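Sending over a structure as structure tokens; questions will come in a sec.
A, B, C and D are the chain letters, set down in written order, and residue numbers restart from 1 in every chain.
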Amino acid sequence: MARRSKVVADFDAAVADIPDGATIAIGGFAQPGVPFNLVAALGRQGAKRLTCIANTTGGAHKPRMPDIGMLVENGQVAKVVCSFTAGTRASDVLPFTPYYERGEVDAEIVPQGTLAERLRAAGAGIPAFYTPTAVGTELAEGRETRVINGREYLLEYALPVDVALLRAHQADEAGNLRFRRSQRNFNPLMAMAAKLVLVEVEQPILPAGAIDPDDVHTPGILVHRLVQVPPPPDGIWPMKREAR
Amino acid sequence: MPWSRQQMAERLAREFQDGWIVNLGVGMPTLIADVPLGEREVIFHSENGVIGYGPVTPPGQEDLHLVNAGGQNVTLLPGAAIVHHADSFALIRGGRMDVTVMGAYEAAANGDFANWKVKGAKGGGIGGAMDLAASAKRVFLMMEHRTRDGSPRLLQRCTLPITARGVVTLVATDLGLFAPTGEGFAVRDLAPGATLDEARAATACPVSD
Amino acid sequence: MPWSRQQMAERLAREFQDGWIVNLGVGMPTLIADVPLGEREVIFHSENGVIGYGPVTPPGQEDLHLVNAGGQNVTLLPGAAIVHHADSFALIRGGRMDVTVMGAYEAAANGDFANWKVKGAKGGGIGGAMDLAASAKRVFLMMEHRTRDGSPRLLQRCTLPITARGVVTLVATDLGLFAPTGEGFAVRDLAPGATLDEARAATACPVSD
Amino acid sequence: MARRSKVVADFDAAVADIPDGATIAIGGFAQPGVPFNLVAALGRQGAKRLTCIANTTGGAHKPRMPDIGMLVENGQVAKVVCSFTAGTRASDVLPFTPYYERGEVDAEIVPQGTLAERLRAAGAGIPAFYTPTAVGTELAEGRETRVINGREYLLEYALPVDVALLRAHQADEAGNLRFRRSQRNFNPLMAMAAKLVLVEVEQPILPAGAIDPDDVHTPGILVHRLVQVPPPPDGIWPMKREAR
């Protein structure tokens, strides 16, 4: 199974065939695990009317890093699906905010655990599940709930993805991935949920077999294309956030 | 002398029991990870899949691959483990959190609270708050007792969209420590110099001793 | 000359396309992992979370921590990965299996098949068969064309409790390779010396050329 | 968090407080990952009216290893929940079979993927979910189904567990576990599903911190008691199956 390598030449090649209207999932929580280089490449590629799924739309912190907000500013986004559609402080104005307030971009706000579980469900062939999260809140208004063993639960549906943009620490040519520390976050779930999985990799890509099978975080059969992140300034790497 | 945020953190940390799994939210609650607990041992969980983290990393020693829920670079303690987001929220919804500590805009006598959407906003910031609020064994809030313009944040009923129904266990404010009773709030502790009358004046529902 | 089990395995393996993810069930299908595929490269998945395994281990070199779905000690190929059962069946239900190859008691013209419960039994053995049958892109069966007493196993409708509805793609038997058509089975290949008439006589529904 | 060790003296101490009527999940698929020593200890301990969850009831192969069938023969089992309640060959007669046929033990047969997902759901606070598995079969008769995006799905409920008996390759004193090769199987899911998690460990138990946090398969907060498996003959280890 090791004969074919999944390594592609560069970020632009990796994202070249993403079509208009695609649903894109973007890994990461804060900076760790965000595929900065693939997001930047998607900006250059220019696909339109995208639905973008990530924890946040980004841009609440400095330095500014490639994020959904950048794709919004670039006119590429029809809708976002995020657990934050505003900043964590009332005073935050995200790059996304004015577009959303003017109605130029749609948004679905989803509790973070529900977002993770809906992505997993899409990858796991589970079309819907019940969760206690958001019961009794504005998010549950008009939606189906069900009492099971005396507790009320909300019905949630799988969230399938066309293309996942991920960032991993290590990969082998068969596509097996390892994430470092909190870089893992949504990345393995988006790999499960997506039809096409593109990964930027921090370390030199290893020959198949170099990662012990017990140590694989995301199995290679879920991964389609790998690009090694070059050192800065050619590659984009996490940076220390400025205090605020 | 109202409690400082550090004192609110220390007061809530006194409630932690040995062996608890403690989830800390964004903002003020992150202070709690640095409070000394003496003989008690708790494990801090962060929604992004970090189990067993310690204090914020000293400047210059940050591991940029490792953040807590607030995006701060933190350290790991011996015995730490990393899981992905679905497993992290499995632990949360599965009832493994003995307590979650969060910031809030409003808390109500019936145990409701609101911390994800401000008045008139289009959009909000839920993060993991609704999952944690619905499923942690206890919900502790850390918040200023009044808004900047002096309006009470401890109310009969929330005016903002709520995060979860009837889940609040304790609320630490600059004035003291309060527990919702259904009809109002019971005082558990007062900041030095704060009085019951002062707490009553600052609260929009009955406050009992 | 009817096909041997080895020949049935080889015939089904000819259908595999380069790059496929192939799940092999218990019993006869395990033979397929040893069939040479030439230039084609497939990845074998086992329901117990083994992705990328190879031939059965030579005697004396077994790794007792590593088995395929049939409990045989197997080898791992470069690029293999291990996942737990929930993730393994996530791959299955998630539609990642290009084909699953299973044994069966009965296959029907409408694409139903039965392989988990024998007549009159209390209890049965489902294992991963129902998950695989419901969600793999293709279901290949490997089975004797007739029971030991000569009754047909390829039927208009299954008489045993089914494993899944309408999912069978191809059936390899000792007499040849067959595809359910709704009304009966179409011959795709015949074992050397087997005739269409012989296949018709051994089948309880129409067999077309 | 490393001050307290979860290591207990022996298998008998680990299982001592399992009450009559408990629901017990037993890890393993074929031999890898089966907690042979804890199952044997539960046999000695004698708790009655147990509900036992595992992939199979065991006993189809030689040499015979400790399994649910043994607990059934010992009069300890009221019900089993398994993906096999008969052998894989029509000619197999499992130790469990005569008790089941006489109606002395009840059984619920569950497709293997559904069994895994129901255990995960119990641990994940998901009370119920929909699956395509078993739709149109005898198992779905009289049960609730639902059409989602044009496909029919079966409603399945979480399967909570009182006590999980697991076998791991490595553990640290904080309870973090690593499994080797196909030993992983159901073990991490049963750890999620159970209120009390007991683990027999093949290698000497490590100090907390000796397992890299990125390499943990089951986080220690799910694990309560650890026992190191002694070398044979005191400890029970996987053995090569006899051909049949």
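Going forward, contacts are C-beta pairs under 8 Å (C-beta built on N, C-alpha and C of every residue); 3 or more make two chains touch, one makes a residue touch a chain.
Bear in mind that the values here come from a model prediction, so they are computed numbers and not experimental data.
In terms of C-beta pairs in contact, C-D outnumbers the other of B-D and C-D. In terms of their C-alpha centroids, the spacing between chain A and chain D amounts to 34 Å.
In terms of their C-alpha centroids, the spacing between chain B and chain D amounts to 37 Å. Distance between chain centres (mean CA atoms), chain C to chain D: 27 Å.
Chain B and chain C have Cα centroids lying 55 Å from one another. For chain C, the set of residues that touch two or more other chains comprises 76, 82-83, 86, 89, 92-93, 135.
Counting partners per residue, chain A has 117, 120, 124-126, 131-132, 179-181, 184, 213-214, 217 as the residues that reach two or more other chains. Arrangement of the chains shown, judged by which pairs touch: an irregular graph that fits none of the line, ring, star or complete shapes. Under the touch rule stated earlier, the contacting chain pairs are A-B, A-C, A-D, B-D, C-D. Interface residues of chain D facing chain C in the complex, by the touch rule stated above, are 29-32, 55, 61, 83-88, 90, 97, 100-101, 107, 109-117, 119-120, 131-139, 169, 179-189, 217, 237-241.
Partner chain A is touched in their complex by these residues of chain D: 117, 121, 124-132, 146, 148-149, 151, 153, 157, 178-181, 184, 213-215, 217.
Here chain C touches chain A in the complex through residues 19, 21, 41-43, 45, 51-52, 76-83, 86-87, 89-96, 135, going by the rule given at the top.
Per the touch definition, chain A reaches chain C in the complex via residues 1-4, 120, 122-126, 172-176, 192, 207-209, 213-214, 216, 219-222. Of all the residues in chain B, the ones that touch chain A in their complex are 26-27, 46-50, 62-67, 71, 73, 76, 82-86, 88-89, 92-93, 117-118, 121-131, 134-135, 161-165.
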